[in-house]
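Got a structure here, written out as structure tokens. Questions coming.
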Amino acid sequence: MSEKKTIPAPLANEGLPPEERGLFCDAAPREYEPARGAWERFLNWARSESLWLLGFGTGCGAIELRPLMTSRFDMYRYGIQPRPTPRQSSVFVIGGYASVKTLKRIVRSYEQMMGPKFVLALGSCTINGGMYWDSYNTIKRIDQYIPVDVYIAGCMPRPEALLAGFQELKRIIKSGGGEGQNEYARNFDWYKANQKKVIKDWNMPDYNW
Amino acid sequence: MEPTIIGRIGYAFVSLFVITNYGLLLIGSMARISAKVQGRVGQPVWQPYIDIVKSSAKRNSIGHGAMFYLGPVFRLAGGVGTYMFIPAVFGSVLFRNFSDSGDLLLVMYFIFFGQLGMALGAGEGGHPYSAIGVSRGLAQMTAFEVPFALSVIAVAAQYGTLDINAIVAAQQGGFAHWTLATNPLAVIAAIVAFLGMSGHNPFSVVIAPQEIPIGPPTEYQSNLLGMLQTNRAIFNGAKLVLYMNLYFGGATNIVAMVIKTFLIYFVNVFVGQAFPRLRTDQSIRFFLGAPTLVGIASVIIAVI
Amino acid sequence: MVNPLYLFACSLAAAFLLPLVDKLGRKASLGLAYATVAAWGAAALSYLWALFPGGSPTESFGTAGFAAPLAIMLRVGPEEAAGLLAVSAVGLLSAGAMHRSLAKAPIGGAIALLMALMGMSGIILTRDLFNLFVFMEISSIATYGLIAYDDRRAALRAGFKYMMAGGIASALYLIGVIYAYRFGGQLNIDLAARSPGLYGAAGTVAAFFLLAALLIELKPFPANGWAIDVYQTVDPGLSAILSGASATALLLALWKIMPILGDAQLSVVAGSGLATFAASNLVGARQSNARRMLGYSSVAQVGLVAAVAALTRLLSLGDDRFAYMVAGGLLLNHLLAKTGLFLLSRALGEPGSQAGAQRRRERALSPIGTAIAGVLAVGLVGLPPFPGFWAKWSLIRALAGARQWWLIVVILGASLVEAFYVLRWFGRIADMRGEDGYAGPEAGIAGPALCAAALAGFGIASGLALGVGDPLLWAPFAALAALLLVDRAPGWLKSLLSIAAVAAFGRLAFDRLDGLRLFFAVMLLGGGAMYSFAAMYKRGPRRGLHPLLSAATLALGAILVADSPLGFFFAWETMTLASYLLVLRGKKGERAALGYVVFGLGGAFLLMVGLAAIPGAWSFRPTGGADGWPILLIIGGLLVKLGALGVHVWLPGAYAESDDDVSGFLSSSLSKAGVFVMIVALAAFGGVVPFQALTLRALGWIGLATALFGALYAIYQEDVKKTLAWSSMGQIGYVILALAINDQAGWTTALYLALNHFLYKSMLFLAIAGVIKRVGTRNMYEMGGLIKTMPFSFLSVLMAIIALSGVPPLSGFGGKWLLYSSLLQKGWYLEAAVAFFASAVAFLYLFRLIHTIFLGQPKPSQSTVREAPLALTIPQGFLMAVLLAASAFPRLMLDPVMGVVGDVFDPILRFEGSTLVSPLGYWDGTLSMIVTIVVFALCFFWMLANLHNPQPVKQFNIVYAAERPFKPWTTHYAWSFYAPYEKALGFLTRRRGERFWEAFGTGVDSVGGAIRRVYTGNGQTYALHVVLYVVALYLLTGAL
Amino acid sequence: MNELAKELAGRYGARGWHDIRKDLASVEVDAIRIRDVMAYLRDEAGYGHLSFMTAIDNIERGAFTLSYALRDHDARRGLIVHADVDRAEPTVDSIHLLWGQAWTYQREMREWFGIDFPGSPRVDEEFVLEGWEGPPMMRRDFDSLAYSDATYAERPGRVTHDPASHMREKLYPEAAQ
Amino acid sequence: MSVMAFIAGINPVAASGAVLVLVGLWGVLSRPNLFKIAVAFSVMETGVNLVILSVGYIRGRTAPILDSAADARSASARMTDPVPQALVLTAIVIGLAVTALMLSYAVRLRTGGGDSSIESYGEEKW
């Protein structure tokens, strides 16, 4: 349970036409204080053992999630299962290259997830652009736009690599390091500026609740 | 010995605690059984517990309005209430719950309490998929209620009572007295209806995860989702206990209850693993076809 | 008594003087003419004065002081005096209406008018066959002159046809006269009637010729095309004279010669009259030209009067008093209504001659004009309190006494058709009125107004004469009149007055209400008062609403206190009338109101026949030994009123198209009247119903089908009021089902359901009225998300739908529990299953209702709507409190119910403490309420305790497949909400009922269409019709 | 075939008839007459189906070459019509009235090459890009790498190898030296 | 009764009246011309009048005029029945009026620019 902090000023939502501003929440994201001690460790354990990932294949890497879900690699045994809506998911697997168009959806979905939330970036493209290093519409590193907890290199990485990535993520969460949500809120202006630099037709609120 | 009112409340809590844990474990074990069918190892049996803890431990949440928050409350209260109106173990004071509030009809209608509240809460979420899911769910509900109602009527006609305790009492004395043995058609109709009621395949179009992201609760998250998950355990338990009482001779002790309900649920999961999903109109037509005829036949058998 | 010869002399003198006086100015000459007509009227009044109170015998006057056979005798009896009064009154009114034209035309017009009226008076007075001919010719010739007086081309065309028919008729009559003289040896009717010569074969033929000529003059079907053309084309004033005065005179002439007619001839008169009544009404239904339509209606009414007069003699239905009462009542009704309507049709503008083309040319009437048209039209179709109503009741009762069922069928069937087209016409007039327009009354409205007033006056008098003197039965009309007087007052004042009226009625009626009636009084009168209060929610005087609402409410009360069959039926029809007008008041109520009233009347006719067929019916104590089958008619009539499946087609329209608060009144209060009568009827006759078990089971299935299909229809509606309307139908279906169970449990269920339906349907309608007022649309998909702006209405709807769907712990579950318990107890297993299905289907539309209106995406345009007005929320709050109390303590509601039912049946259900016990199960409303509340509270606190950093978000903050929504109206899932359901089960609800009735209507319509092909418009064809008619008549007379 | 070639040449000044295969040929026409040619081919010559249309940036010639692929399903033959349009002022008549689907291709070419088709429905709307503000990116004078470097943040430390030399170096280090 | 006797039994006046009535009726029904219809009605009336007269006529008696041929006392035995004759007078007058009106209608219809055939005045129908 976190204490209530001072509430940040509402967002301007300048990307929206005035008549639409009333339709979207304009609250800014806040940092949420973690609980303390053993209780937080227990909760972190629970979070790490119940990783619900957003079933949103943002790129070609999403193809690797299928063998992972099914009998060959069976991620369920690690408490990982897909959820169809960001509201209920806690892990966002960025499935490889992200074009500007996709990035917009990634940001929106990420912001719609409830915290604590974790991002697992899959494939070289998310790290440094990979084979799309000179593309006119593919971003080269995802961590400029949303906080990333674990990268998995490769083009494609094998499902085993993904499993290893999940194990690493679990370790990070258990150690209390999975604070991407708070990082995002803390550096919100920076992230937002980066996002707006590449997403030219910003027609959504500044934070998608 | 008639317990005091305080005692009854205490018993009710114990009973509720038992059914909650049992329901959660049941869900966990069924998920594992499904995994085995698919050639997987499957999640741990206690995974539902972790999920609920995780959901409840989310650090923030969003709300669309008062009714949105009340939806899960209605849902959980509906589940708990339904259970409270059913005697879980025959002859046991501990598991008698508050079944003296009303008979079978009360239970059958109280099932709607949670569904209605949930539908309203989901509606206030403002998400069209919620409404689509509710629309499908209600439409399907009207259909599977027909064989269920027929089979309940057959039971009531057969035993001449609507009192659940009396129905269970009438089935005591061995397998031959169970409704399963005396009126198997009623049981068939009821079990088919149960498939629809529990929303497993082939009647899972309500939540259709890939199409309308899990339907009604699509906007629910955090502890609201946790409540829904808890309810799923309790509500399932309540329905299973009801079925056990009506068709499988009830239970005179907790072990019998566990075995019987496990088997009833197992049938359900078994079918779910074997069939693909039907469209809403297909499932409506299905329920109003053969199962309804079987139900009518069961009523005729009961009357004769 | 004044010797009528002086009057003839007076008329003739005036006619001769008119050209001279005209030199003094048209005013003087017309004044003289009017004065002469008035003198006839005054003389007629003096005759009546002399005849009636003292009962002085009929007086005869011979010409030149001789007596028959040496002189022509003029007789003044009651019917003659009344006829003279009618002729002169109609003459004066018409002359008033024609005044402007008369002033412009040559003076010959006035002379012709004078002579026509004198001729008609002569027809009435004379007892001499040949003299009758002379007077007939005088009036005909004068009428021919009058037709042409204001130089209408169309009238000339029609007049020529009229002359041709008239010429043939007069030739026939002359031949008849001469042979009657030859064989009877007398020209005086009274003497001839005693002469044996007239009863031989040849004498019969002579009488036949006389009869044929008179009948032709009475415009029988199909030999009446000429007359209808005349009605259509001439000055409306003249149409009034022809339709009113001339028909009266000729009917009296027919009445006069009846003594010389044999049974076969009387049968022919009756048959021809009935055929005319039926056929003309069928053809009339096809008309869109108002005057032609009125012409058909005139012809039909005259046919009916002739038939009744003949039947009275033929079947010995009653003495002369009966004939005066029924035939006279019908004639009076026709005379006044038709005169008024013809005169009023002038105010509607000149229609073109071709049907259909004139509709646009009709002008809207002022409110007063509309009201008068309403009185006249309603009077014409025989609704209370007008003379036609009483006459029809007496007639049907007598016919039922004589067991003439086919005649009843024909008369009532044709009456229904007539009601259909007359009210369709009135509905169109009413629909043209401006919303609260304060246009002054039209010129020349005085005549129709006088007719309307006379109609009302005679109606009241007839009612009193038939022994309906209970002031409470007349209270609806008193309230209607009183509130109409203050119709311009502000709405709140009228609301308070209405409530006061209801309260006063309740106080006066209280002593006469036993348990059952008291129970229904709460719903009917209390509901009426509540809706009167709610009527304040719209500003402005809402003209016409309060008078009608309070009249309807009091009529419902009158149904409860009526203690005779006629009193009851009077109250019942009063309710039909008031509620019809209420529906018609709705913005687009024209069509719906028409359907409502036609089905309402149809049901009422069934009810009437049923009541008439059971002697001493309304004592409603179980009677032994009576014929059972009329009870089926009563049940059938009530089923129509209750909107049972098959005869429900009026229901959705009526409930949906009336004003929003009126809909609530209709659905929650008014429909209970049918339930009440059903209960009373079943209580009295449940034991003597033929095939009791089968009938009740069938009734149960009808109720069940109503419940199921009402619900099925409701789920596909986009219009919120249509949804509620179908829902009402379904809920009433449950009540019918429960009543059919026919034991203590079933009736307890029925009453409990009825009361509950009253509660939650009132809440729904009131809440929806507020919503519609605020958002300005009835389409649910155009609403959405109103929970934020109208939370109270949401709460009200929420509680109502929980109650309606029967979800515990609210009181609706009690109804479900009772229903299934009693069904299973009775052994109606399949019924229970279907009922369960129906109640599950009800969930669908209820959720749709609340979701699409209050949940989902709000429309930006509706983001600033306010909560419903206090006039609506206060009653809702009250109802909510009642609902909650009744839910927590079911005994509050069930004890009185079971008390009422306990008088009739042995107990099946009983209370043990707070537990209701049936032979099958038990239900403890209080305990289940407590458990639910505790569990809910615990869950609620659990939710609150676990809530982490909740962030309230806005409507577009939804997960939208990684996209964002753009339009609230496309993001709101509302349109065609149950598309899959329709795909699966839509075939069940393809409006078969509507299609059946449409086909039925089309069939009737095409019969009318086929019949009217007879009227080719060619004068020679018409003449041929006349000839063929006579031939057919002759053959028929011979055959009989 | 040759009849059609002659006909086209005579009527519309078409040139460069080239039989690619037995059932496929190509021909060049002036862009200004493209709509007439297409109408003729559709209505008179039997080429009822527009399979696709695309453009090629022939920067050397200073022209975009539009290619319309037509198909005559009855005679089982195809025809590709080429038309050069001035690169400096690329405007071509729209043929969406001849083939309804053409407006989609034209919208695509409008976005990617900047070729205008006046009157074509929704031709100025975004096609695959969202909020694109740069020059039409399929023009050969558009420098994708420069644009990418200027727009998207880069992770330092990235090394790029020529795959051929890199693999040679890895597999045959001695030969590489 | 032989045919001859039947024929002899027919009152020739009444028979000719009947014939005239039928002729008139035929004219009314079959001649579309307005004026001819009026004439046909006249014929019909004449026939009716003859029929009336035939009823009053008694073979071998004098006209019902009190003069030398018949005095007041023997009148009822020697005179024909005067009543039908009186009636006929009235009927003739009335017939005259009707004929006059009919003709005036026909004239007004014609002068209004209409046809003289009745078939063209069928605008009001159905």
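All chains are identified by letter, namely A, B, C, D and E, in their written order; residue positions are counted from 1 within each chain.
By definition in this document, a residue touches a chain if its C-beta (ideal position, glycine included) is under 8 Å from a C-beta of that chain, and two chains touch if they have at least 3 such contacts.
Quantities reported herein were computed from a predicted structural model and do not represent experimental measurements.
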Q. Touching chain A and chain D alike: which chains?
A. none
**Q.** Touching chain B and also chain C, the following chains
**A.** A
Q | Touch-network distance, chain C to chain D, counted in steps | A | 2
Q) If you take the mean of the Cα atoms for each chain, which one ends up farthest from chain E? A) A
**Q.** Chain with minimal offset from the mean of all protein Cα atoms
**A.** C
Q: Starting from the Cα centroid of chain C, hunt down the chain whose centroid lies farthest away.
A: D
Q. Given the two chain pairs C-E and A-C, which is bridged by the higher number of C-beta pairs in contact?
A. C-E
**Q.** Geometric centre distance via CA averages, chain C-chain A, whole Å
**A.** 71
Q: Could you please state the distance in Å, as a whole number, between where the Cα atoms of chain A are centred and where those of chain B are centred?
A: 36
Q. Using the average of all C-alpha atoms in each chain as its centre, how far is it in Å between chain A and chain E?
A. 113
(Q) Can you compute the centre-to-centre distance for chain D and chain E, using the mean CA position of each chain? Integer Å is fine. (A) 104
Q) Multi-chain contacts in chain A: which residues touch at least two other chains? A) 2, 30, 32, 85, 87, 209
Q) Touching two or more other chains, which residues of chain C qualify? A) 948-949, 951-953, 955, 957, 959
**Q.** All chain pairs that touch each other
**A.** A-B, A-C, A-D, B-C, C-E
Q: Provide the residue numbers of chain C that touch chain A in the complex, in ascending order.
A: 860, 863, 948-949, 951-957, 959, 962-964, 968
**Q.** Contacting residues of chain A [partner chain C, same complex]
**A.** 1-2, 4, 19-20, 22-25, 27, 30, 32, 56, 85-87, 105-106, 108-109, 112, 203-204, 208-209
Q | Interfacial residue positions of chain B with respect to chain A in the complex | A | 31, 35, 38-44, 47, 50-51, 53-55, 57-62, 209-210, 213-214, 218-222, 225
Q | For the chain C and chain B complex, residues of the former touching the latter | A | 785, 787-788, 791, 794, 798, 802, 805-808, 813, 816-817, 820-821, 824, 827, 829-830, 832-833, 836-837, 840-841, 843-844, 847-848, 850-851, 854-857, 915, 918, 920-924, 927-928, 931-932, 935-936, 938-940, 942-943, 946-953, 955, 957-961, 971-974, 977-978, 980-981, 983-985
Q.
Considering only the defined contacts, which chain B positions touch chain C in the complex?
A. 56, 58-67, 69-70, 72-74, 76-77, 80-81, 84-85, 98, 100-106, 109-110, 112-113, 116, 119-120, 123-129, 131-132, 134-136, 138-139, 141-143, 145-146, 149-150, 153-154, 156-157, 160-163, 213, 218-219, 222-224, 226-227, 279-282, 284-285, 288, 295-296, 299, 302-303
